[in-house]
Structure formats: C-alpha cells, structure tokens
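Each structure below appears as structure tokens.
Same chain, two partners: chain A is paired with chain B first, then with chain C.
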Partner chain A sequence: MRIIYTDVLVVGGGLAGLRVATGVQERGHRVIVLTLVPPKRSHSAAAQGGMQASLGNCAMGWGDNEDIHFEDTVKGSDWGADQQVVRMFVNTAPKAIRELTHYGVPWNRVRKGKHTAIINAEKVEIEEREEAHGLITARDFGGTKKWRTCYTSDGTGHSMLYAMDNKAHENDVKIHERMEAMSVIHRHGRCYGVVARNLMTGEIVAYIAKATTIATGGYGRIYEVSTNAIICQGTGQAIALETGIATLGNMEAVQFHPTAIVPVGILTTEGCRGDGGILRDVDGYRFMPDYEPEKKELASRDVVSRRMIEHIRKGKGVPSRYGDHLWLDITILGREHIEKNLREVKDICENFLGIDPAEEWIPVRPTQHYSMGGIRTKYTGESQTLKGLYACGEAACWDLHGFNRLGGNSVSETVVSGMLVAEYISDFCDSPQSHIGISTGAIEDFVRIEEEKIRRLLNNDGGEDAYVLRRAMEKIMMEKVGIFRNGRDLQDAVEQLEQLHIRSKNISVFRSKSYAANPALVVAYRTQKMIKIALTVAYGALLRTESRGAHAREDYPMRDDINWLKRTITSWPDPEQTLPTVTYEPIDILEMELPPGWRGYGKRNIIENPDSMIQQAKIDAIRNELLARGADRFAIQKALMPYEHLLPEKYRGRNERLYERFDDEKDEV
Partner chain B sequence: MSTERITKKLTFKTFRFNSETDFLPYFKTYEMEVGKDELVLDILNRIKWEFDGSFSYRRSCRHGICGACAIKVNGKPVLSCKQNVWELVDIFQTDTLLLEPQSKKRVVKDMIIDRSDFWKKHAQLKPYLEAEIDEHPEEEIKVSPKEAEELLEADYCIQCGSCYYACPVVEVNEEYFGPAQFAKAYRFNADVRDTAKTDRLETVREMGPGVWDCVKCFECAEACPKDVNPIEKITKLHNQLFEEGLAQDNVATRHAVGFKHSIIKHGILDEGELVRYSEGNIGVLKHLPEAIAMFKKGKIVMPWNMPKSKNLDEIQTLVKSSSKVKF
Partner chain C sequence: MSEPKPRKLKINILRYDPHVVGDEPHIDTFEIEEAPGMTLFIVLNDIREHHDASLKFDFVCRAGICGSCGMLINGKPGLACSTLTSKLPEEINLAPLPFFELIGDLSVYNGKWMRGMNERLETWIHHKEKELRSINRIEEPMDPDLAEEIYELDRCIECGCCVAGCGTIQMNENFVGAVGLNKIARYKLDPRDERTDADYYELIGDENGVFGCMTLLGCEDVCPKKLPLQSKIAYLRRQMVKTGLNENVTKCNCLQHEEKMPEH
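Let's look at the complex of A and B:
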C-alpha cells in the first residue's frame, strides 16, 4: 500500500483547484493536486464569454461598483444566495482580475474614441474615455445593470486557465495527473484525504492531508445533453456524499443555458446576446421583447430558457430531425466583430453545424449547463459537517448563486473562491487543529474497501451493464428533471432512478477485465456514483414545491418565500438507504441586505413573506439616516450587513476605479 | 422536413496496442454505418461502446477547446472531436480510414500516447509571464489594444500536440523544442508586460533545440486545429533574435544575413554567394556537384556576371533603414 502525505490535497485541476494550490503553497504549505486530465484540459477552458468584475472602465460599465454587482447577483439567484458570501465575492472579484492580469491573461482592452455597438438590435455609437485607454474592457451579459463581463474575445476560460496553470507551473506546484479520487478518508467527523486510483496503472493510493479540497466542477453529465465536458460527472460531489457526513446543497438547482447548438449541445456564449445577438422563432420573429420588455434577450438564463420553451410550446419552434429549436441571430453584429470577438463561436458553427454565423442563423435550444448545487460549505469553503473537507468552484455550494447563476459569475467565482479558500485552509493548517490523527491501519481499511469494490466489479459475472444504466439515467434526467418540472414526472424520475441505483449495485464489467487502463471499469464505478447524484437532484426537485430561479415547477409556479426560502441539504448517512436524506436550512430575511422582491425580469409569481417588508423598512430607515449624515456607500453597506470581518485580511481593501479613488481614507460614520 | 438518414458504410482500421501486455501493436478493423454529421470522436466512442470496452483514447470537452483528443487519421493530424468523418472520406477518396495515435513510438495504450516530452520541452521555455508587477494592485496595468494584438493567435494554442507530432524535425531531432513550444515562447515574448524575453531568446537561439532548426515545411501550420500558425511565430522569433541583437554568428543566421548582403549588392538573390556566405569558403566546397548542375541550368552565374536590379539605390536605402544586424 502506498500512502502519500501532504499538507493540502486538492482534487481537481481546473481554475478553482489550481488557485487554491498556488495560494496555500505561497503560504508555505505543501500541496498536491490530483487531476483526471492535465490541468490545461480542464473544463474551465471551455468558458467562453467572460468574467464578471466591477471595474467600470468601459463607457457602458461606467459607474459600476460592488453594490450593483451584489444586487445583480442576489436577484439572479432569486434570493437563494448567501448574501454575505455574495458581498465577499463582489469585493474580491476586481482583485482577482487584476491578479490574473499579472499572471498574463490578455484581457481585451478599452480603445479610446468612438465605436459602434449593437444594442437592442440597433447600431449605437459609444465613446470611450481617453483615460480608460488600455484598461480592461467589458461586455454586456444577462441579468446585469452594467457592462461588467471582462473577456478575452470568446476564449476567456482558456486564457484564464492557461495563465493560472502557467503560474502553478512557475511555482512548481505538484500535480499528479490521471489520478481519480475514489473516496474520502475520514474518521470521527474529520477528513484526512482521499483514496485515489491511477487511471493508467490501476494502482490504488492513499493521499493523506491536513486539509482536502474538492474542486471537481459540476455534474452536468447526468443529463443526456449537456454543454459540459465528458469529465464533468459529479464524482467530486459523490465522494463527499458517500462519507455519509458531508452534505450537498441545493442539488436540484440546475441551470439550463439558453443557447446551446442543436443537436450536440455545445455552448455558444451568452456574449453572443451580450454583444447584440437576438433570438428568433420559426417565422424569423424576434419574440423575447414580448415576454421580457425590459431585459429582452438579456434577462437571466433561467428566465430566457423558460421563455424559449414557452414559445416553442406555442408552436413557434423550428421543427428539425432533432426536435424543435429556435434561432440565434448574430449576423447583425457583422463579420468583423464575429471574427474578432466571437471566433470560438464561429469555429463551433463551422465545425459542428457547417454554417457561417455571419451569414446564417444558429439553431439553438436551452441545454443543461451549470450546477448551482454542490458540496455544502460554510463561507470558508469548509464542509459544514465534515471538518478538514473543503470545496470550491462549481463543485461547491457556499452559496453564491442560489437558484440561478448569472453569466460571467462562474469563472469569476472559481478564482475568487480559490483565493479565499486558500487563505482559510492555510489558517487551518497553521492551527493545531490540523493535526493528522489517523493510523495507518485505519487508512488501510479505506484502501481495502476501494480495492474490494474494483475486484467485485471485475469479477461479477452476468450483472448489469453500466452503459445501459447510465443511458437510462441520462434519459430520465433529460425528460423528467428538465427546465419545467412537475410532481408526476419527478415522482416517476425518483422511482426509476431508485431502481437504477439498486440495480447499479450489481454492475458487471463486460468486455474487458483488466485492472489497469480499463475504460469499461471506469464507466462502471462512475455510473454508480452518478446515479446517486442524479437521485439527489431529482429527489430535491420533487420535494421543493415552489418555483425559484432555475427550479421551475409547473404545478407550483409561485416562488414561495414563506415556506421555501431555505436551502436543500442532502446527505446519505446509511450506505444501504436507497434515497438520500433531505433536510432544510432556513435563509433569514431579517439578516439580508437585500430582502426578497421582484427580480426585474421573469414572471411576478411570488408568495411574499411579511418579513420582506419589515426588513425593507428597516433598511430604508438606516439608509436614510446615514445618507442624511453624509455617509458614503461603504458606511451604509457596513451598517446594513457587515461582512468584511469574514474576509481574509489581505483581501479586505477597497477597489479603486477611475471614478473612485481612496487616497485619503474618509472617516467612518 | 425529411426524416431520412443517409449513412455510409465505412471501415476503420484501428491501431491497437497495450504497452503493458502486448509485444507488438496490431490493427483491428471495425465496420459501421456512419452518418453525415458524425465526427471522429463519435467513431472512437462507438468502438468503445459497441465493440470493445477496453478501447482507450482521451477526450474531454468534445468541442475543440481542451486539446485532449488529437490523433491521426490516414496520417493527417486531427482533433477528433472537431473532425467530420465524411470530410475525411472526401479528402482521401476512400471508405477505409486508418485511426492511429499521434506518435506510434510513444503509445501507452491504443490512441493514448505519453506526451511527457511535449510537456517537458514546454516547461523549459518559461511558459509564464515574468513581470515586476504588484501582486494585488489597486489599479490595473494598462496595455493598449494595439499592444494586446501583438500576441496574434499565439494565445489560442490548446497544446493538443498536433503540430508537434506532425513536425518532421521533432521526428529526427529529439532535442528540438517543437512548433507549439515556440509559439508559446512567442506568446510571452510578444507580451509587453513580460520581462523574460532575453532569457527565452537565449534558449531558442541554440542550434539543435532552437528555432534555426525549423525546416520551414509548414506542416505545423497545416496540422493546427486552432489556426495558431506556429511557423509564423517561429519566424517572429527569428526576427526578434536579430532585433534584440541576440543572434549568434552561425550557419543559420549567416544564411539569413546572406540574403541581406545579396539584396544590398544586387537587389536580387545571388544563390551561389548565399551558400558561400552561410557555410564559409571551405563549407561551400561540399556543394560543388549541385553548384555545377545549377550553373549548367543557368540557375547561378559567375560572380562577375551577376545582374543588378533596377533602382538599386532605393533598395539599399530600404535595407539599411530596416536592418539591425551587426555581422
């Protein structure tokens, strides 16, 4: 048996995982990153449109600040987000982007003078300021009041991931590639690392660490069609769930992106619409203004996706062999703009559709895209229930996005949460609590369990075929746990998934019996994990009898702030149980800086909680009083919901902008 | 709307090898009906799902951004997730396609190769931004859009290795860095924020591993699925070496400078003198047989018969104003 000791173990080599690794290493801790693929192949690379940070350099972003970013994010989340976490995030995002510049991300820049842009299908002239020339520019994205999404054409994730990995490289971060975490090692409520399997040799290795971070991204691949990479299978969440101690949060909150191409489900960035692209129906009619007069195509993703399906259901979809779809029209942006700022989209259209998007409309349909749910953590990224286990990025639910994430907030979150969690982990590792108190014998038990599982899969004859089970699961999720959900379908889905889960215990590996480099074996054990994750999503969705953000119940169309302003917490305490255990964590309106209201887009279907009015009145009173005393926005914010004390000290500072300088610190009111 | 689906019956001769258990590689043939919209990756998936669960290959994003799935089909480097199968049938005019890994001598299993040489060489060229900048600045660094555009397409490289394993120099010269690596070196050298340009140029100017060993065959440009055009970046590195005064006096640089001398002197290329200048008075002797053949065909002339271009003085002024080399 091989045991590898380190201070910090990071599972996942995407943006979030790498940023945790460089962060803890800079604080003097030894770190090892386990990845399925070389870090540069991680799915962070696929993020196209950009990263939100309120820099306010470009003319259309002028006047932006943390307050506006905060408000947009909370409304986007349909009040599901943890508002303190949102505050921490919006204050750190400008720092993150400036740090990334330092790492070499070639952000697109402001060019002084006049340029034309397409806004609401019309050419508009915009003049950029002289003093902003050469600073990072931004584009428009859904659900935001300002142009805040910074980008490098439409390969933002690629540029960021490469810069981040290069940084890791420069710092000699240890990366163990093609190592898959199979289970979490824990004892007495304390996590000590993972059991990992070498995908090439089949060797099972124990990694023991003071702190373990799961940064394995989302679980999109439980759906038949997803914009996610094939490796985004939710196995990170699954190994946390399988501890029986760690919990998952809001698993039913699954985002469908409005514009993935048909049929393969590859994403075309929200930047298409941000830059002026519009949606058309079978008649070539631009329908979004009818549904969303204010934000039109640029409402939040959950809203646009639902409107699209509504419109298709009215018979306005474009029929095709692969089902009905709608059109995304970016021809109005002009060839030059497309070739420069949307070149990846152009490439995708050419390669996967055989069309030229500068001439033709793109067939699109809402498609599974993002997992708001994940490993439930505190604001520090540490599991609420399993000490020493951390999670960040899409894998986690520290709860920045609530029930719907805004475009551009995900890559931003990866880096910001990586920066913050690295500090909290370092503090933990510096403390005496981080002592590793597990014996070799106990570690060996965990390794044996995994070895035994593999042996059983390979030696089981005549059992279930993992491919069949997986296809069935994907189909159920697709058909019954999609954009619009209802009790009957969800009940069906849960029952069928439960059966699949029971059958998955009897999987056989057909065709290939090798322990090493055996793709059939990998499919077998991952399918077992994926079905559990699918169950947490479907079961959470069944129980939540309201509609909030991306979770839309046709039989319960109202957002119910009286009964359902709470987070879904899922666990699996007994390995023999066939359904997860679900509990709820209340979200207190009386502690909110922004109490629930209407989002400004989408339907006004709200069962209001009387606390919202009470809290709003309280906030108005505080704000008016402070304004009368001449307080600035920072002082007002602090009086409403203090959060700065939660941030690591090095990230507490204010962010300067062209129109906001803090040379002389104003006296606090 | 038609629901008819037209397919072609195709044969895939597929390279199979398990370095753990097999003594020699072998080919397995899979036949299947392939639709118009199917990609090479679909075929790899189908081999695994429908024929042999042990068939191994790499893939992740399946839309041309992660770079994991590059292989060769009929010797042509392709990113399997982006490459349409019927298009290959069209190009090669055949119903039988040969699926092979990028490099057969590096195979671990089936389509999976050991790319450690690729990554190792990449690491040697400081593939990161070296800069003296405040780590947590209150404002950001300015880079004008014009300066930002200097990176050209170099930042789009997804390190799939297509160019590297298509490069004939890599095939015969183990120490040669390779096209992707040079494109990456250029990407950072062209970044105004970077301060390690000299270091990188000193690494890439070495004969053997460096840029002068590029044979200018354009295979890399042809192989690249992201239009990074590595050879253009190699040429840019050649230029940077001269611009920064870091070019050393060797046969490759003399070959470049020889062009200049010839243009200054005649306004046109004097091929005979170019070889003499590059390789020296003794080195040139080994080319005597070619020289005689060329002379017979009128491709080269005696020095005293070398013609001059019109407006030579203008050409000379131009060369002078644009040249920085000192030898």
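Let's look at the complex of A and C:
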C-alpha cells in the first residue's frame, strides 16, 4: 500500500482547485493536486462569456461598485445567498481579475471613442472615455444593473484556466493526473485525505494531508442533457456525502441555462444576449418583452428559462424531431462582431449544427447548466461538520448563489473562493490543530474498503448493468426534476431513484475485467455515487414546498419567506439508509443587509415575512442617519452588516476605480 | 417525403491495451447505424455502451474546446467530438494520436507531454517583479488590438493534433512542435513578459526549436482552432536568425573581432 503525505491535498484541477494550490504553496505549504484529466482540460475551460468584477471601466459599467454587484447577486439568488459571503466575494472579485491580469489573461480592453452596440434590438452609440482606454472592458449579462462581465472574446474560462495552470507550472505545483478520489479518509470528525485510484494503472493510493479540498465542480451529468463536461458527475459531493459526517447544501438548486443548442446541449454563452442577441418563437416573434418588459432577454437565467418553457407550452415552440425549441437570433449583431467576440459560438454552430450564426438563427432550449448546491461549508470553505475538509468553487455551497446564480459569477467565484480558501487553509495548517493523528493501520482500512469494492464490482456475476441504471436515473431527473417541478412527479422520482439506488449495490462489470484502465469499471462505481447525488436533489426538491430561484414548484408557485427562507442540509449518516437525511438551516432576515423583496424581474409572487419590513425599516433608519452625517458608502455598509473581519487580512483593501482613485503613496482613496 | 435509409457505418478501431498481458495491437470493427447530427463522440460512446465496455478513449467537454479527444480519423489528426460522421465515408478508421505515450486504445497521455513542453519553454509570464504592486489598484492599460492579438494565439487547446501531424517530431523527438513555438510567439507578443529575444533564443534557437522545423506545415493543416501556425513559425524564425546573428556579433565584439560578422 502506497501512502503519500503532503500538507494540503486538492481534489480537482480546475480554476478553483488550482487557485487554492498556488495560494497555499505561496504560503509555504506543500500541495498535491489530484485531477481526472490534465488541468487545462477541466470544465472551467468551457466558461465562455465572462467573469463579473465591478471595475467600472467601460461607459456602460461606469459608476459600478461592490454595492451594486452585491445587490444584483443577492436578488439573483432569490435571497438564498449568505449575504456576508456575497460581500466577501464582491470585494475580492476586482482583486482576482487584476491578479489574473498579472498572470497573463489577455482581457478585452476598452477602446476610447465612439462605437455602436446593440441594445434592445437597436443600434446604440456609446462613447468610451479617454482615460479608460486600454483598461479591462465588460459586457452586459443577465440580472445585472451594470455592464460588469469582463471577458476574452467568448473563451474567458479557457484564458483564465491556461493562465492559472501556467502559474501552477511556474510555482512547481505537483499535479497528479488521472487520479480519481474514491473516498474521504476521516476519523473522529477530522478529515485526513482521500483514497485515490490511478485511472491508467488501477493502483489504489492513500493521500494523507492536514487539509483536503474538494474542487471537483458540479453534478450536471445526473441529467440526460446538460451543458456540463462529461466529467461533471458530482463525485466530489458524493465522497463527502459518503463520510456520513460532511453535509451538502441546497442540492435541489439546479440552474437551467436558456440557450443550449438542440439536441446536443452544448452551451451558447449568455454573452450572445448580453451583446444584443434576442429570442424568437416559431413565428419569428420576439416574445421576451411580453413577459419581462424591463429586463427582457436579460432577466436572470432561471426566469428566462421558465419564460421560454411557458412560451413553448403555449404552442409557440418550433417543432423538431428532438422536441420543441426556440430561436436565438444573433444575426443582428453582424458578422464582424460574431467573428471577433463570439467565435466559439460560431465554431459550435458550424461544427454541431452546420449553420452560420451570422446568417441563420440558432435552435436553443433551456438545459441543465449549473449546480448551486454542493458541499456545505462555512465562509472559510471548511465543512461545517467535518474538520479539515474544505470545498470551493461549484463543488461547494458556501453559499454565494442561493437558489440561482448570475451569469459571470461562477468563474469569478472559482478564483475568488480559491484565493480566500487558500488563506484559511494556510492558517489552519499553521495552527497546532492541523496535526495529523491517524495511524497507518487506520489508513489501510480505508484503502482496503475501496479495493474490496472494486473487487466486488469486477467479480460480481449476473448483477445489474450500470449503464441501464444510469440512463434510467438521467431520464428521471430530466422528466421529473426539471425546470418546472410538482409534488407528484417528485414523489415518483424519489421512489424510482431509491429503487435504482438499492439496485446499484448489485452492479456487475460485464466482460471488461481489467483492474487497470477500465472504462466499464469507472462507469460502475461512479453510477453508484451519481444515483445518491440524484436522490439528494430530487428529495430536497420534493420537500421544499415553495418556489425560489431555480427551484420552481407548479403546486407551490409562491416564494415562501415565512416557512422556507432556509437552506436544505443533506447528509447520509448510515450507509444502509436508502434515502438521505434532510434538515434545515435557518437564514435570519434580521441579520441581512438586503432584506427579501421583489427581484425586479420574474413573477411577483411572494409570501412575505414580517421580519423583512422590520429589517428594512431598521436599515432605512441607519442609512438616513449616516447619510445625514455625511458618511460614505463604506461606513454605511459597515454599519449595516460588518463582514471585513471575516476576510483574510490581505484581501480587505478597497478597490481602486477611475472614479475612486487612490492616493499615490498608499492604497486608499 | 420519407427520409433516406440511414447509412451503416463501419468503424475500424486500432486497439491495444498495454496493461493486458499478451495483448497485441489489432483492429476491431463495429457496425453502427448513422443518425442525424451524429459525431464521433456519439459513435464511440455508443460502442462502449452497447458493444464493448472496455474501449478506451478520452472526452471531457465534447464541444471542441478542451482538446482531450484528438485522434487519427481516417489517417488525419482531428478532434473526434466535433467531427460529424456525415462528413466522413461509410468506413471510418480510428487510431490513437501517434507519438504520445499510449494509455490504451484511443487514449493517449498527451497531458504529460504538454506539461513537459510547458515546463521546458517556461510558458508563463516572466515579470521583473514577481509580485503585483497591489491587487487593489487599477490594472496597467494594454492596447486593445494587442490584447486581441494575444488572445488569438492564446486559443491553443493543447490537443496535440499539430504534434501528431508533424514530420519533424517523428525524426527528432525533442522538437517542441508547433504548439510550443506558438506559445513562444504568444509570450513574445505580450508586453507583460520581460523576456528578451535573447532569452527566447536560448529556448528555441536550435534544432529542437524553430530551426528544427522542416516547414512541412502539417500542423497548420490539422489545427482544429485554425491558429496561424505557419506565419508564426516563419516570424519566429526570422526573429531568431536576427537574434542569433546579433548574439554572435556581441560575442565577437567582446573578443574584439570587430571587422566582420562570423561566417555561417
């Protein structure tokens, strides 16, 4: 048995994982990153449209700041987010983008003078400031008051990931490629690493660390059609769940992106609509203004996706052999713009649809896209219940996005959470609490369990076919746990998934019996994990009898701030139980900087909590009093909901902007 | 009008599993009924799910952006995920990318090679000052056109098709390939990188670098991102010749041979 010791272990080599790795390494801790695939192939590379950070350089972003980004994000989350975490995030995002610039990301820049843009299907002239020339520019995205989404054409995630991986090369971060984490090693409520399997040789290795971080992305692949890469299977969440101690948060919060191409489900970026593209129906009619007069195509994703399905249900979809779809029209942006700023979209249309999007409309349909739920953590990224286990990025629920994430906030979250969590982990590793107190004998027990599982899968004859179970799971999730949900379908889904879970204990790997590289074996053990994750999503959705953000119940269409302003916490304490254990964590309105209200888009359909008005009155009073005394926005914010003390000291500074310049000598306005 | 009868595709796959004792490279053939919009991603997964669960291949994004699924498709390197079967004849031959270490069947360990290449060419920004003065401050401006030019070269997805399509590397395994040369072109363009032409000359100014290229330019023919590899290699070669000559001039000056440049 091989045991590899390190200070910090990171599972997942996407943007979040790599940023944690470089961060802890720079603090002097040894780190190893385990990845299923070479880091540059991670799903982070697929992020097209951009990264939100309130730089305010471009004319349409002018005046932007942390306060506006905060408000947009909380409204986007339908008040599910942890507002202190949102504050930490919006303050760090401009720093993250400036750091990435230093690492080499070639962000698109502001060009001084006049240019035309398409806004609300009309040509509009915009003039960029002289002093902003050459600074990082931004585009419009859904659910934002300002143009805040910074980008490199529509390959933003790619450029960020390459810069980050190159930084990891520079820092000589150790990457162990094609190593899959199979289980979490833990003892007495403390995590000590993982058991991993080498996907090339089949070797089982124990990695022991003071701190272990799971940064494995989302769980979109439990659905039949998803924009996610095929490795986004929720196995990171699953190994945390299987400890019986770590918990998952808000697993039922699943986002559907409005514009994935039909039938294959590959994403076309929100930047298409941000840059002026519009949605059309079977008659070529632009329908979104009828539903969302203010934000139109640029309401938040959950709202646009639902409006599209509503419209299709009215018989306005475009029939096709793959079911009804709608059209995304970007022809109005012109060929030059498309070939410069939407080139991946163009490639995708050419390669997978055989069409030229500068000439023809793109067939699109809302498709599973993002997992707001994940490993429930404190603001430090540490599991609330299993010490030494951390999570960040899409894999985690710390909880930035609540029940709906805004476009452009996810790649931003990956690096921001990586920066922050790296500091908290480093502090932990510097403390005496990080002592590794597990014997080699106990480690060996964990390794044996995994070896035994694999032996059983390979030697079991006449059991279940993993592919059959997986396809059944995917179909259930698509048909019964989709954009619109209802109690009857969800009940069915939970019952059927529970049966699949029971059957999955008896999976056989047919014919392909190698212990080394063996795709059939991989499908077998991942399917067991995926079904558990699917159950947490479906069961959470069944129990939540309200509609909030991306969770839309047809039988409970109201957002219920009296009974349901709380996070779903899921665990699996007994391996023999066939349904997860669900509890709830309250969210206190009386601690909010922005109490619940209407989002400004979507249906106004809320059961209001009286606390919201009480808190709003309190906030108004504080604000008015401070304004009268001439206090600035920072002082007001601090009085409403202090958060700076939670941030690592190095990230507490303010952010300079053209209209909030620093003194030459010190980092202050 | 009824649709034409779907084609029966004959998929021939070169297979070998180095972990199975006694296995020899051989061809397995699978028959698949073609469907509309079918890509090789769909074909290979269909084979794995319904015909042979042991078939090894790599996909991640299945959208043509991650570079995992490079393979020889009827003899030519390309991305399997974004190859529509409708653009291919009925008989399709698939083989792993040559040159890279084989994991099994169509799966190669090109991530390892790419890592080695990146480390060798130090493909990261070399700053004079390693730390930013402050991440709180407004970023340094960059010319908008230049930023777009850098992005153009930054679009490489390290799929390895250019390496597999390279004649030079077949004869000299230390050659950095078009992927490596393109990276140098990218950093050379980037004003944030403080390296000089003399530094780049140290990295690629020899037969393993820009002077090794035999100018067959298979790389440009097969690049799925259509990167301007030909013009960038030519540009680098001109720059490196100039740098090489200047380097030698400087050295000669030091030795006080000022009359003429050395003969080559």
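As a working rule, the second predicted complex is superposed on the first by the 662 of 669 C-alpha atoms of A that agree within 3 Å, B and C clash if a C-alpha of one lies under 4 Å from a C-alpha of the other, contacts with A are read in each partner's own complex, and residues count from 1 in each chain.
We take it that a contact is a pair of C-beta atoms (placed from the backbone, for glycine too) under 8 Å apart; a residue touches a chain by one contact, two chains touch by 3 or more.
Quick caveat: nothing in here was measured; it's all calculated off a predicted structure.
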> Putting chain B and chain C on the same copy of chain A, do they fit or clash?
Replying inline: clash
>> One more residue to check, A:Tyr103. First (chain B), second (chain C), both or neither?
In response: both
>> Just checking: does A:Ile175 make contact with chain B only, chain C only, both, or neither of them? Give me first, second, both or neither.
In response: second
>> Just to be sure I read the superposition right, which of the two partners does A:Tyr467 touch: chain B = first, chain C = second, or both, or neither?
In response: both
>> With both complexes overlaid on chain A, does A:Ile266 touch chain B (first), chain C (second), both or neither?
In response: both
> Which holds for A:Pro557: it touches chain B only (first), chain C only (second), both, or neither?
Replying inline: neither
>> Going by the contact rule set out at the top, does A:Pro319 touch chain B (first), chain C (second), both, or neither?
In response: first
> Looking at chain A, which of its residues have contacts with both chain B and chain C?
Replying inline: 37-38, 40-43, 45-46, 95, 97-99, 101-104, 106-111, 133-136, 152, 155, 158-159, 162, 166-167, 169-170, 200, 229-231, 264, 266-267, 321, 344, 347-348, 351-352, 467, 509-512, 514, 516-520, 523, 653, 655-656, 662
>> Residue numbers of chain A touching chain B in their complex, please.
In response: 37-38, 40-43, 45-46, 55, 95, 97-99, 101-104, 106-111, 133-136, 152, 155, 157-159, 162-163, 166-167, 169-170, 200, 229-231, 264, 266-267, 319-321, 344, 347-348, 351-352, 467, 509-512, 514, 516-520, 523, 650, 653, 655-656, 662
> Along chain B, where are the residues that touch chain A in the complex?
Replying inline: 1-3, 5, 18, 20, 48-49, 52-56, 58-68, 82, 84, 108-109, 112, 119, 123, 126-129, 131, 133-145, 147-148, 151, 155-156, 158-159, 188, 191, 193-194, 226
>> Can you tell me which positions in chain A touch chain C when the two form their complex?
In response: 37-38, 40-43, 45-46, 94-99, 101-104, 106-111, 133-137, 152-153, 155, 158-159, 162, 166-167, 169-170, 175, 177-178, 200-202, 229-231, 263-264, 266-267, 321, 340, 344, 347-348, 351-354, 467, 509-512, 514, 516-520, 523, 653-658, 662, 667
> Any idea which chain C residues touch chain A in the complex?
Replying inline: 17, 19-20, 36-37, 39, 48-49, 52-56, 58-68, 82, 84, 103-104, 107, 109-112, 114-115, 118-119, 122-125, 127, 132, 134-144, 147-148, 150-151, 154-155, 157-158, 190, 192-193
